[in-house]
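Have a look at the structure that comes next, please.
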Amino acid sequence: MKKKVLLTGFEPFGGERINPSWEAVKQLHGEVIDDVTLVAEQIPTVFGKSVAVLETLVQQHNPDIVICIGQAGGRLHITPERVAINLDDARIPDNQGNQPIDEPIVDKGPVAYWSTIPIKRIVENMKESNIPASVSHTAGTFVCNHIFYGLMDYIARTSSSIRGGFIHIPFIPEQTINKEAPSLSLETIVNGVKIAAVTAAKYDSDIHIVGGTTH
Amino acid sequence: MKKKVLLTGFEPFGGERINPSWEAVKQLHGEVIDDVTLVAEQIPTVFGKSVAVLETLVQQHNPDIVICIGQAGGRLHITPERVAINLDDARIPDNQGNQPIDEPIVDKGPVAYWSTIPIKRIVENMKESNIPASVSHTAGTFVCNHIFYGLMDYIARTSSSIRGGFIHIPFIPEQTINKEAPSLSLETIVNGVKIAAVTAAKYDSDIHIVGGTTH
Amino acid sequence: MKKKVLLTGFEPFGGERINPSWEAVKQLHGEVIDDVTLVAEQIPTVFGKSVAVLETLVQQHNPDIVICIGQAGGRLHITPERVAINLDDARIPDNQGNQPIDEPIVDKGPVAYWSTIPIKRIVENMKESNIPASVSHTAGTFVCNHIFYGLMDYIARTSSSIRGGFIHIPFIPEQTINKEAPSLSLETIVNGVKIAAVTAAKYDSDIHIVGGTTH
Amino acid sequence: MKKKVLLTGFEPFGGERINPSWEAVKQLHGEVIDDVTLVAEQIPTVFGKSVAVLETLVQQHNPDIVICIGQAGGRLHITPERVAINLDDARIPDNQGNQPIDEPIVDKGPVAYWSTIPIKRIVENMKESNIPASVSHTAGTFVCNHIFYGLMDYIARTSSSIRGGFIHIPFIPEQTINKEAPSLSLETIVNGVKIAAVTAAKYDSDIHIVGGTTH
């Protein structure tokens, strides 16, 4: 059965010249793997506007799956996120200077939404391809969590059958030349995101394996 | 106004001989600071049973505030947790050999509950006392998150006015002699927990300062 | 002017199935870049024998430059080493079960030898190619430091004009699937080693730029 | 037999308001443990001048042992250093604005000197007192390594029977309030330095146990 996956990447933020999330997904735009078509779009790293742009893109592309990708500088692994929380709490200003502190994303929205893509299956498939991956239980409180929550709330509000998720990726090496931080190559990240998209398109349900964290 | 704060610490787990959460809170048992009385109890590091024991202790002590403390080996800071999620996903077995994978803590419970103690105010007060502290947005998926969710669900179910929260603490030095891991001294942790208890007892509301994370 | 560079990689050790140092250098065997010919050989991860094998290889290939490469699992960067010390102190047994403790590599040898390849120039050239790199001031006390000291002592004893050095490299991603450790892609490491070899062949002298460490 | 140990700590540097090395050793000034008398002095964090001041202090106090202590912000453990190298390579300016790059400390001096205090015995005694400790094989290339090399060269030049060494210590908690870095409490560091001084005074020879590093 044909499936369409919308992949989004962000604009650079926080002083970086590039954002590996956009560098990765743009390479996948238009790819068709088996019956899965990948579409890639860029999202502004801005509270509010990011979700508005995403909603428009979802209506335009009418995908079966939406996976937003974001940079998590300092992480070692590609990390599918488990849960989005209803909280904006910006450590730094976004790309339009907004810096909300302890504000709900959606007034009277639920405290949190679960990802509806099979995160453990995605992690396992990445690892089988020698890509360092693990499940994360926090997407932070910046625009990454914001768009993830916004996406899941849109799906809930519109009673849509779309499944949605968010994946954080590490820096790529060129970003770490003058920092002490881990990285993964862009090629590895592109492969990881492709595996995530195809896995999410093919499987509704997750697998039952160990993957939690003690804290 | 007199207030009572129930502090809980866990049994050792994961191969450790001690649990710094219990070592810390037991030193505070019976302390009265201004009008705030501290009571300390130990909780088994066991899914299910930990929450049952906690509920009994809450009924017995009738506290105004409950703060559960747990060990987060590898963290640098004392970290008040922002949110508890409705998920058991054990990377290791608990102290009775249970290892739930991707199970809800409370069937049909909400995805998550917020802490109702003033976490940023607690962090600021710790930092003013030279104690490394920051807000955390994940309590993991083991017994620590389990009891935190169980506590907040109990408060919600019983429409209680109790305020509740969870604080993760690092290893203490004696646990790191043969590991590469950071630690804080037990004295520092005891002081930090005391500050948290008194701050939570005195203030319902939180302060409005930067404290989020980009991921 | 034609130059020959002998590159060595080690056998896997410490429970790893591969050693990225050998995976990298074997890809460069036989390459000729401008007038620089690269030769790659594998060395046993064994005290004593490693140096004996290296001496034989040097006599056989008659190179202008020798650069030994070794795995430094846990490091973020490719790190040319500044100094070799006259000490074997094995935290784990080598591949033949030897575990020397606090023994000199060469009786009455000097405490240490400097690298004679231009380490800062190599680091700068790697960084210009977007490869995370920095100078290291310790090669440890296992077989990596052993062969580095053995190489420099051989050059000193034989009054040879060969220039020598040692470069530590991080894990590659497939080694970190089940560990919390940084990695660089094999392609990045291969490029880094090639840059090191060509830079060392073309330049005797180093550049004068900041690159030290406070500790 | 009576012994005197001279302990030195540095001035703050690198933007810090305090230096835990001085905070620690000044608490030990004048202490007598069994037959071991401790004397503490502060040293300027300045290339050249630090060694000149140290030589004067050695002549003034006439100690049996000299142990210089320095801050290694970012390290987890108290780390007795194994080896001092003949190199100044300053990543940042010292407290008088000097920033030497790749210069020898002593012209025609040996590449390196070994510590002559029993570093593994010191580490073991610290660990028995629940103090995280391990041997380090690099003291860096800043003023810490500079004074360590200067001390050992002075001892060699003057054919002195003094034994000398250097110990790096982590930050203390108050320095890490606004950084992501590990720390040890000042009390733990004071105890560790005292153990080092007494151990060095009582034992010329080291113990034969595993303590090396693979890199």
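Letters are used for the chains, namely A, B, C and D, taken in the order the chains are written, and counting of residues starts over at 1 for each.
What we mean here is this: contacts are C-beta pairs under 8 Å (C-beta built on N, C-alpha and C of every residue); 3 or more make two chains touch, one makes a residue touch a chain.
Note that the coordinates shown come from a computational prediction; the quantities given were computed from them, not determined experimentally.
Participant: Which chain maximises the distance between its CA centroid and that of chain C?
Facilitator: B
Participant: Compute the distance, rounded to whole Å, between the mean C-alpha positions of chain B and chain C.
Facilitator: Their C-alpha centroids are separated by 48 Å.
Participant: For chain B and chain D, let me know how many angstrom lie between their CA-based centres, rounded off.
Facilitator: About 39 Å separates the centre of chain B from that of chain D.
Participant: Where in chain A do residues touch two or more of the other chains?
Facilitator: none
Participant: Which chains touch which?
Facilitator: Chains touch in the following pairs: A-B, A-C, B-D, C-D.
Participant: In the complex formed with chain B, which residues of chain A make contact?
Facilitator: Against chain B, the touching part of chain A is residues 14, 70-75, 82-83, 85, 87-92, 99, 101-102, 110-114, 120, 136-142, 144, 168, 206, 208-215.
Participant: Across the complex, what residues on chain A touch chain C?
Facilitator: Contact set of chain A toward chain C: 76, 127, 130-132, 173-174, 176-178, 180-185, 187-188.
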